[in-house]
Structure formats: structure tokens, C-alpha cells
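After this come two complexes, each holding subunit A, first together with subunit B and then together with subunit C.
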Partner chain A sequence: MFSFGTLLSGLSIGSILLLVALGLAIIYGTMGVINLAHGDFLMIGAYATWYLQKYWHMGLIATLPVVFIVGCIVGLVVEKTVVRYLYRRPLDTILATWGISILLEEAVNLGAGSNLKYVQLPGMLSGDWVLFGAHVGVYRILIIGIALALLIATSVLFFRTDFGLKVRAVVSNPETAEGHGVNSGLIYAATFAYGSGLAAFAGALVAPIKSVSPTMGIHYIVDAFLVVVVGGVGSLLGLFVSAGIIGEMESIIGFAIDDTTAKVIIFLAVIAIIRFRPQGLFVSKVRQPS
Partner chain B sequence: MTTTGKRTLLGYVAFCGLILVLPFLLRGNSYLLNKSALYMALAMATVALSFTWGYAGILNLGQAVSFGIGAYAMAMHLKLVASAGNPGGLPDFMTWNSVGTLPLVWTPFHSLLVSVILGIGVSVLVSTLIGWFIFRARISGVFVAIITLALLVVVNLVVVTEQGLTAGWNGITNLADVTVGGVDIGSYGFGFYYLVGITLVVVLLLGWYATRTKTGLVLRAINSNTQRARYLGYDVAAYETFAYASSAGVAAIAGMYYAVGNSFASPTFMAVPFSLSIVIWCAVGGRRSLIAAAIGALVVNAIQGALSSDLLDVSNLVIGALFVIIVLFLPEGIVPEIGGAFRRIWTSLVGYSGARPHTPKERMPGQGTSKFTGGQK
Partner chain C sequence: MKRRTVLKGIAGGTVSLAAAPTLLASTYGTAYAAEDEIKVGVLFPLSGTIAVIGRSLHNATMLAIDEINANGGISGKKIKPIVRDSQSSPAVYADKIKELILQQKVLTTFGGYTSASRKAVLPVVEKYNSLYWYPTLYEGDECSKNIMYTGAVPNQQQEQFVPWLIKNFGKRFYLLGSNYIYPKDENRICKALLKKYGGEVVAEEYVPLGHSEFSSNINKMRSLRPDVIFCTVVGDSVIALHRQYKTAGLDPSKMPFASLTTSEEEVSAMGGEYAAGHFTSAPYFMSADTPTNHKFVAAYQKKYGADKVTNFVSSASYFQVFLFQKGVEKLLSQGHGVGDLTPINIRNACLGEQVHAPQGVVKLDPKNQHTYLWPKIGQWQKDGQAKVIHESKKWVEPKPYWMYPGNRVCTPSGVKTEKS
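Showing the complex of A and B:
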């Protein structure tokens, strides 16, 4: 019923979800902010790719670092102007970031028009490889590779660097961390910018395989939320596994029945999972949202 | 009854009185009557949200699920009435989608009464099931918001995909008028306006009563400290499920009126932007008061209606910016702020010595300590 190609397609869907969910989870885990505009950072990443390709004639791979930086800057602006005033009001962050989401979508709508945009895939990436008797898009393999590399880079950043140590100190106790000379405001801003950059990066990666529109973000963000809910907030491994599972379910059920049924089954499965593991599958201690 | 209670009741009476006299202020202009009725239907859904969100602390981002179920239940009935002349009584879009006979799920909708019961019943049932699952698992705060948002997206997707049953993206259009006992209620006259208006008044008064009962008190207790409410022996999940499901029932009724007033039901009624708009109206008006939520819905819709006829392009920008500003600077909403400002002016003018210190908590109906005994009688 399904082939190696379906499995790999699921992995590439999961990889994009992982990148989006990674940013969401980092931002939520560090500062308790639910960022509904996260999908719009992805959308901005996709538009930035389109813009750079169309007007600056840059290749897809060359745009990736630029798009990441664009995402970081947009995230930084949003953090500095709105989000940082809401760190003690987690539910209000949902509302404010939705307002930002409307603003970003309208701004892009007015600036670039509401018609769909298309991003070219470079010739060398648009081919197929034959692996285990199945035709597999080279680009899908590239997406999986890049997502894995970013996951590793992120875990190194948070668990092996001085910056990561400071982030974890601020997460476990902001006052004590500040007492030791950590500038928590700076840490929050940098973390938010990094998470936004990841979303924009994911947007650049999906731009050639999906049509680019102002409202494209919402589909990714809801799935990414489900990944975070299943994987748990405090665990990168949890995110990795749950993004893989949800991506595979989407691909396999979508292939065997249809995409809508896949979404319904995933949603019901997530509801069932959190009924018994509210803290997520891979987190041992409950993180109480304050 | 306390002074705050009296003042709140006075606010309700004034608001309900305004609803009743508005048609005469509009001089019976049928376009404005229809618009006002539609806005009141939206206000009803917003009041229902403020009951779950403001009082029980459940941020339901999927309020439009129930609203949409109600709208579709009503639209299915009215479509069947409008299609009575077609071969087999089959709605036109089914023929276009090559559906040969009326699907089984459509058959109960020949009757208006059954459609109304199904619209409310299905919403209540769905939210009871979902609520039971998530609240039993002690899911709270932002995770409730995420789950309800995901529910919304899934339901919307199903409605869009099942074209033969729901007409997909186009929605169910060209509906008949509602006739009750041989009387055509229409959607542009006094009849429809007062039907919606009186329902809104009833919903407000019932809601006001509910917030003053012991159940209302327990819901507020859960909102302010869930853990303590649980230690006191209250079945928190049961109360939360009750709030969530009853709110869904009211939202379904609002959806029915909205479908009647618009003469169509479309997937946009259960789309993410619409559902979050309900949250916006509630937050703008003031989530902790049913009536403030209603005013928020009416005011924002009136403004948006006026803006979008002139400035279609920037109206969303204005709404988005307005919302961010209100969340940042007026987190309790505009109505309590205006109320507080009036009270300050009144106090400074009259020197009313009985006024208590002005704190944010005092401004919310049902949040003062004096209310603690008020609900228990």
C-alpha cells in the first residue's frame, strides 16, 4: 500500500514540521509565549525567498542564510515592540501574536499582492534518485538533511555553548540568573529571534514545493502545535520523534485514504495521547504553565 | 444585592432597553435592521465566549466550531425548503457534485424543529466529548487554546472537503426564508431583528443569572486558582465541561441566526480568522463581563462595517493594530476602562464617599470580594 517513497515523503513533511515546532517549543519553553504569528514568520521566509530569487536572482541555497537572518530581524522587532511586555501574561501572548499575524499577513498582502507566488527549484535539486526501487526527489532528501543538521545545531547551541547555558539558567530561574549577571531581556530577545529565524528558514525550504500565499502559515502552525503537544516542551528528542510520527501519519494516511482523513485521525490521536500523557510523550516532569 | 451587583444589573437593563428601541432609531431601515441583527448574532457568540473565557478561564479559540455547526444545521434546513421544487427535493449543489439521492444525514433537516435541536445538540455533544477528554486530563491554559484551535482547523477542513454534503468552499447558498407556523419571518424586517434581539437579551440575562449562582462562583474560583478549587472538593473538569458545552450551545444558536440573516452558510463561518475575531471582540469589549463582550462585538463590527466600505484594503490592518494595542494597554477591555473613568469623574464631581478604592479587580463585575457571599445568598 505504501512504498519507500511514501515513507520518505512523510519524513520530509516531518522535517518541516520539526523546524517550525522547534521554534515554537524554544519560544514557549523559554518565555512561556505561545506565538500564533509563528506561521507568519514561515510565510515571510517563503516570500523573502521568492523576492530574493525574483529580483536579486539568487539561487535557492544562497538565499537560505539570508532568509534566516530576515526571520531573526522580524522576530526581534516583534519581540522588542510587543511580546516583551507580555512575559507574565501567557494567554495574552496568544491574542497579541494573533494581532501581529493579521498585521503581517495584511502587510504582505498589500506589498506583494494576494496571488500565489512560485519559487524555482534549482535544476540539480529537482531530479529523482532511485533508492530501494523507489523514485525519491533529491530535494526531499535535502530537506531532511538540513532539518537534522539544524536540530543538531540547535541542541549544540542550547546544551554546549555559553549562550545555551544562560538560556537554561533564565528558564529555570530568571531572578537567580539575573543575580549572576545574565541579562534576561537580551536572552529572551535572542531566543525569540532564533526561533523566528528557524520558522523563516522552514518557509524558504517549503517555498519551492508549496505555493506561497499570505495565509500559508496557518496550516503549518497548527500541525506544529500538535507536534509540540505530543513531543512535550522540554525535550528536543521528543519533538524529533513526534514530528517524525505526525509527518509519517500525514503522508501514509494521506496516501492510503486522503489528506483530510489524515488530519482528522492525527487530531483524534493527539487528543487521545494527551488524555493519558498530558505532559507530552517524552517529558518526564510536568511543566506547569504559570 | 451589593452596589456592584445593582450597577451591573442597571447596565444590563439599559443595554437590553437599547436593543428593544434601536429599530425605531433606525426608522425601520431594512438594510440596517438586517445588519444590526447579524451583529447581535455575533454578539451572542461573543457573550458565550466570555462565559467560558472571562469567567471560567478557558480560552476557546474554536468558538466558531459550534457557531458553524449551528449555521450549517439551519442552512441545511432552509436549503431543503428552497429545493422542494427540485427533482427528488435535491439541493442544486448535490446535483452538481453528482449526488443522486438525498444523503441520510440530510433527511432529518426537513423539519425546522429537528434542525434547531440537532444544531444545538451536536455542538453541545461535540464540546462535551472534547471537553471531557481535555479537562479530565487537567489540560489548562494555553494548551486548551491549542487543542480548540486544532479542532477548528480539522472541522473546517472536513466541511470544505465533503463537497457532496456541504457544498465545499462555496457554502450552502440560496436559502429559503424561515417560516414558523406559516408566518414568514424573513431576514430584513422587524420580525427577524426582534427574534435575534430578544434571544440576545435572554442569553444575557440567563448568563448574568448563571454567573451569580453557585456554579458561576465555582467557575470563577477555578479561574483564579484551579488547584485550590480542586482541593476544596469541586469536580473541576465537570464544571469546565459544563461551561464549555453550554457556551457551545449558545454559539450554535447564534450561528443559526447568522445563517438566516445572511441567507447562506459557508466554511468562513468556521474558519480560523473568524473564530479568532470572536476572541478579539470579546477581548476588546472586556472578557470578564458578558455585557462588555457583547458591546465589544457590536462596536468592532460596526466600525469594521463602516471602515470596509471605504477602506477595504487597510481595514484588517486597523483591526490588527487595534487589537495589539488593546492587549498591550487595555488588557481588561474598553468597556471596564470607560466604566472606571466614568466612576472616577462621578466620584470627583459628587465626592461620593461610598466609592471604594479604584483597583482593576473592582472594575470587573463579579470580581470584588463582596460578591463572594453574593452568589451564595
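Showing the complex of A and C:
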């Protein structure tokens, strides 16, 4: 039951969770915006990949940076037109971003059609390797690597750069930060765009091994919120640990019993965690906007 | 003066109230069809979670209506489709079917995809004695006098499939389905067949609808090494399942998916190379070599795009309109007037009728309003088409209560329990 193969699968599931949750953690975790359109930014990323492959004949890897930029632009537009008016009204952001989610979904439905789309995986990434007697897909390993790399890059961005310092300053106290010459509007917009870009990037990466449809976002957003809530709002380390725990739980329980039971147990565990540790497993060092 | 006006008003009101029922009664008979047009409802999910497949059923229905109208309509009467979007929600189905029957006064309605949607429509069409055409394969266990079922029931998909799988691949089955009623009923029947033919179930498992992470199932396939993965995973999930199966390096020639639900639609979305080598049992594949199918596929792609595919549910959505046409023509040719075109007269006229469907000649069974179909086993190829490996030598009678407890059978007067 606890074979190396099962653990490896858990790691692989966890890496996808991490990838999907990272953008949400940035937006929800650091800005306090509950972005229900996150799953749809991911969907836009998957569709952008499909479009670039089909009409521009680009390979999967080549599409990744383009898709990231597309995600940033979509996020920026959403932030500039809607979200920036709602920073002090967190409950309203739920409704507004939910509306945006429906809008994006139906726009893609009308523009690209409702049928499922096909995103190709490069031949060299579609094989599998045997590690210590356990099989694992090459592409799965690539996703694990990219997820970790993005996590590290994001940590560096937020904790080791001037931009990150400004973000944390604005989040802690926007008035004081502005008093020191930080343009809080710009910082918010850039952070939101970055989180959206990450969502789209995740969409591009999962597209070849999952399915691409206008409604795909809903399945990811639930998972992403679970990871963020368990890990602790605003904590990137917590994000990493909670994605790992949930991934391993899904793999082990799924193997021992079945996936439906695994989902039920995970939801129960998350409810218990929220009940007894509402701040999540890891407490963030960043103060939340009140 | 004032009083008189009031009295007059009341009197006038009474008159018009009294006149209302007579007016209704006199128009009742002709309400369904005019001299030059026949109104039908078209009620598929065009938005929401099932819009993906719903759109293909809608398109096939509209194509059939267009073709009939382009040929002059039914005995000179054009079909006028009243399109409604069921939004993938059973509650919306119930509302819209009511509107179609009571306000639009449609003669019949084509629609539905999931069993849940059919169960929502059923009480309404029974209450108003309307007629509903349902094109999807489903689990059986139902027999309404107001529904025409043109998709396959379990005996038409499994009776030949399961023994064929045992003979060609082996007796150890892993049953994997989405977590809802259809896979559970089909698996129950599969287990009964396995028992009968000496097969065995190594695992039975259900994943949530919309599930897209199959790592643990794939680990299980590796460790249990089943001969066949009997698959009733539906929708987006099945695409993720096939992709992850292949990227995990598993081999369809040793451990194929044997599906009741995977169609050209899903295969084109996952990519032919991911489906290649796996099997589906269905009465229709896009590759079917019949004149009607060549015509259907060509017309469908001309109207909706050369990259579009047809599937076993959209082909049923298509041919059931022609069955309806037959029924109306038969009534009119027997000397009935437009006033006799009622849902129930049409139903009675359609029963026993045959039509050249894309899969071959099909017939509506007068006993149970289901359809005689041509079961086939298709093996998916890299180009996204199925190669038919096995085909039933004759059409197969629909048995909606086959393998269900209680010895029930459909009869023209309702469901009866037979003494065993």
C-alpha cells in the first residue's frame, strides 16, 4: 500500500496542486482577494495553449511563456476594471469574481466552441521512467520540477526583491507604504497580474494530461482553495507542505480504498483543520488587510 | 349611471369568462399543428456542465429538421423547431418542457442527455400526455408511454461485449466508473454477466464526476494486472484517464479499456494516439459504412465544420427525427387531418416503424418504445476513428428491464411483472 510508486504518485498529484494553488495563494494569500475566477484564468491558459498549438503550430514548451503573459494581461484587465474597486470589500470580491468566472467561461464557450479541446504532449515527454522499481511518467517529473522551481522563484520574488518588499509593505499597511512613496495601486495590479499569469501557466501545463473545456476551472479552484486554506494564508512554505499532504492522502487513500472515499476523507480533514486551526497549519508572517 | 356601468362591466366579464372554455376546446385539436407547419421542441443542454456533448445532439437534431424542411417538410408542412436551453439542470428541464407543452403547444420534443434530466422531464410529459424523444444510451429500468427511447439499453451494449472480452483478453475485470447511477447499474449487470461466463471482478471503483487525477487508479492497475478495465468513466474525466494511462506507459494490448461511453467526441478531445487500442461497445461509430451514414457525416461536417465528429448519441438524435417524420406521414396518409396530429396519435403511428439510420435499419419496438439497434465493438485507431471488430449479425431487441430484479417487462399497457 505504501509502496514507493504510491508515494511518487502522491508527489506528482501534490505538484499539480501546488502549481494550481500558487497563483491563488499570491492573490488570496497576500492580497486577501477571494478570487473565484482563478480556475477560469487557468482555463484561459489551457485554451491559449490549444490555440497557439493549433493555429501557430507552437510546441508545448514554447507556448509556456506566451501563455504566462496572456494570463498576466487577462488578470491585469480584470484588476483594473473590477477588482481594484473592491479591495476594502472582500465579500463583494467573491460575487464580482464569480461573475467574471461566468463571463470568461461563456466567452470561451462562444468563441472557441463548447467541445473538448486537444492539447498535444511532445513525444519525448510522453514516455515513462522506472525509478527504484516504480513507474513514473516523464511529464509528471517535469511538472514536479516546474512546480518546485516556480515556488522558489515566487519566494525569491516576494522575499528577496525590492518589488516583494513593496508588496509586503502595501499588504501590511497601505497608507504608511504610500507615505513612503510606494504606488499601492501599481503593486496590487502587478501582484494580481502575476497570480493570474501563474494560473494560466498551470492551465498550460495540465492541459495535455487532463481535459480542456470551458468548465474545467471549477474542479481546480476547489482543490486550490483546499491547499491554500490548509497551508495557511500567505505562507508559501505552508502551501508546499499542504499540497504534499493532500497529494499523498489522495494517492494513498485512493489506492487503498478508492478516489471518491479519498475525496470525502480529505474534505473531512480540511473541515477539522479549519475548525481547530482556522489560520491553517502555518501561520503567515504577513499581516492581513483588515 | 355609475351603477349601470358597473353592472354592465360585470355582465360583460361573465360573458367572456363563459366563452373562454369553448374557445379553448375548439382550438384544442388543432393547437399542435397548423396547415403549413408543425411545431416541435428541441431541448438539449446548450450551456452548463454537459453543454459539450449537448451541443452535438442539438446540432444533429437541427440537421435532420433542416434536411426534412429542405425536402419540402413533412407532407408539405415545415417543421418549426422551438429551441430551448436546458442549461444542464434537471430543474430547468422540468420548467422548459412545461413551457414547450403548455405555451408553445409543441407536438413533440426532442431532448435530454443525462438520466437525471429524463427523470425530471418524465412526470411532466406523462401529466400532459405529451411525447418526448430521448437519444442517449442509458441504464434501462424505465418504460414510459410518453417517451421514445432511441439509445441503447444494457442488453444492447453488454450481452455480446462481455463474453467477447473474456474470450479475447481474459476473465479478470477491473470495473472503473464515474460515481453516479449509470455506471453502477451497468457494473451490476456486468458483474452478473461475469458470473455467468466465469469471469471475476478484481476491483470495482467509482471516481467523482469531473475527476481528473488517476494516479492511484493507475497504480492499482499496475499492481492488480487486470485483463480488462471495464470503463464507464464519463465526460472530461475519461480524457484525463486515457492520457494518464498512456503517459504512465501502460499497454492497451494487454490491459485495454472496454468502454460503454467513450465516443468519437471524447477521442477527438484526448487525441487518437491516447485512445488507440482501446475498445467501445456501441450501436454506431462514425466510421460506419452505410449510405445513410456517409450522407449524415458529410452533411454534419458541411454544416458545422470539417473537424466535427459524429457519435452514437448524436446519430440517434438525428435518426429519431426521421422516425417522427414517418409517424406524421403515416397518420396523414391514412386520411387523418391536421387536427388528429396529437402526441399520442403520433406515438401510436410511430411504434413498429423502421427507418434507415446511420447504423443500419432500426425499428421502434411497439412493446416498450425502445429501439432495435445494431451492437458493435469498435477498436479505436490513431486517427480517432473506431475500427469495427465485431458486429451483431442481426438487430438486437431492446430489453429495458434485462437483468433487473422483479421480472418486469414493458407491455403496451404499462409495466407488468411476469411470473417466473
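Quick note on the criterion: the second predicted complex is superposed on the first by the 282 of 290 C-alpha atoms of A that agree within 3 Å, B and C clash if a C-alpha of one lies under 4 Å from a C-alpha of the other, contacts with A are read in each partner's own complex, and residues count from 1 in each chain.
We take it that contacts are C-beta pairs under 8 Å (C-beta built on N, C-alpha and C of every residue); 3 or more make two chains touch, one makes a residue touch a chain.
Bear in mind the structure is a predicted one, so any value in this text is a computation, not a measurement.
Annotation for the three-chain superposition on subunit A: subunit B and subunit C clash.
In the superposition on chain A, A:L226 makes contact with subunit B only, not with subunit C. Of the two partner chains placed around the shared chain by superposition, subunit B is the only one that A:I100 touches, whereas subunit C remains out of contact.
By the touch criterion defined above, A:I218 reaches both subunit B and subunit C. Contacts of A:T6 after superposition on the shared chain: subunit C is touched, whereas subunit B is not.
In the superposed model, A:I34 lies in contact with subunit B only, and not with subunit C. When the two complexes are overlaid on their common chain A, residue A:V82 makes contact with subunit B while staying clear of subunit C.
After overlaying the two complexes on the shared chain, residue contacts for A:F276 are found with subunit B alone; subunit C is out of touch.
Touch criterion met: A:L91 reaches subunit B, while subunit C stays clear of it. Once chain A of one complex is fitted onto chain A of the other, the partner contacts of A:F267 are limited to subunit B, with no touch recorded for subunit C. Counting contacts as defined above, subunit A residues 106, 218-219, 258, 260, 263 meet subunit B in one complex and subunit C in the other. Remark: subunit C residues 46-49, 51-52, 54-56, 179, 205-208, 210-220, 222-223, 236-237, 239-240, 243-244, 246-249, 265-266, 268-271, 308 touch subunit A in the complex.
Against subunit C, in their complex, subunit A makes its touches with residues 3, 5-6, 9-10, 12-13, 16, 106, 109, 113-118, 120-121, 126-128, 135-140, 206, 208-216, 218-219, 250-255, 258-260, 262-263.
By the touch rule above, subunit A contacts subunit B in their complex via residues 28, 34, 82, 85-86, 89-92, 94-96, 98-103, 105-107, 110, 218-219, 222, 225-226, 228-229, 258, 260, 263-264, 267, 270-272, 274-276, 278, 289.
Listed in rising order, the residues of subunit B touching subunit A in the complex are 59, 61, 130, 133-134, 136-143, 145-147, 149-151, 153-154, 157-158, 161, 272-273, 276, 279-280, 283, 313-314, 316-317, 319-324, 327-328, 331.
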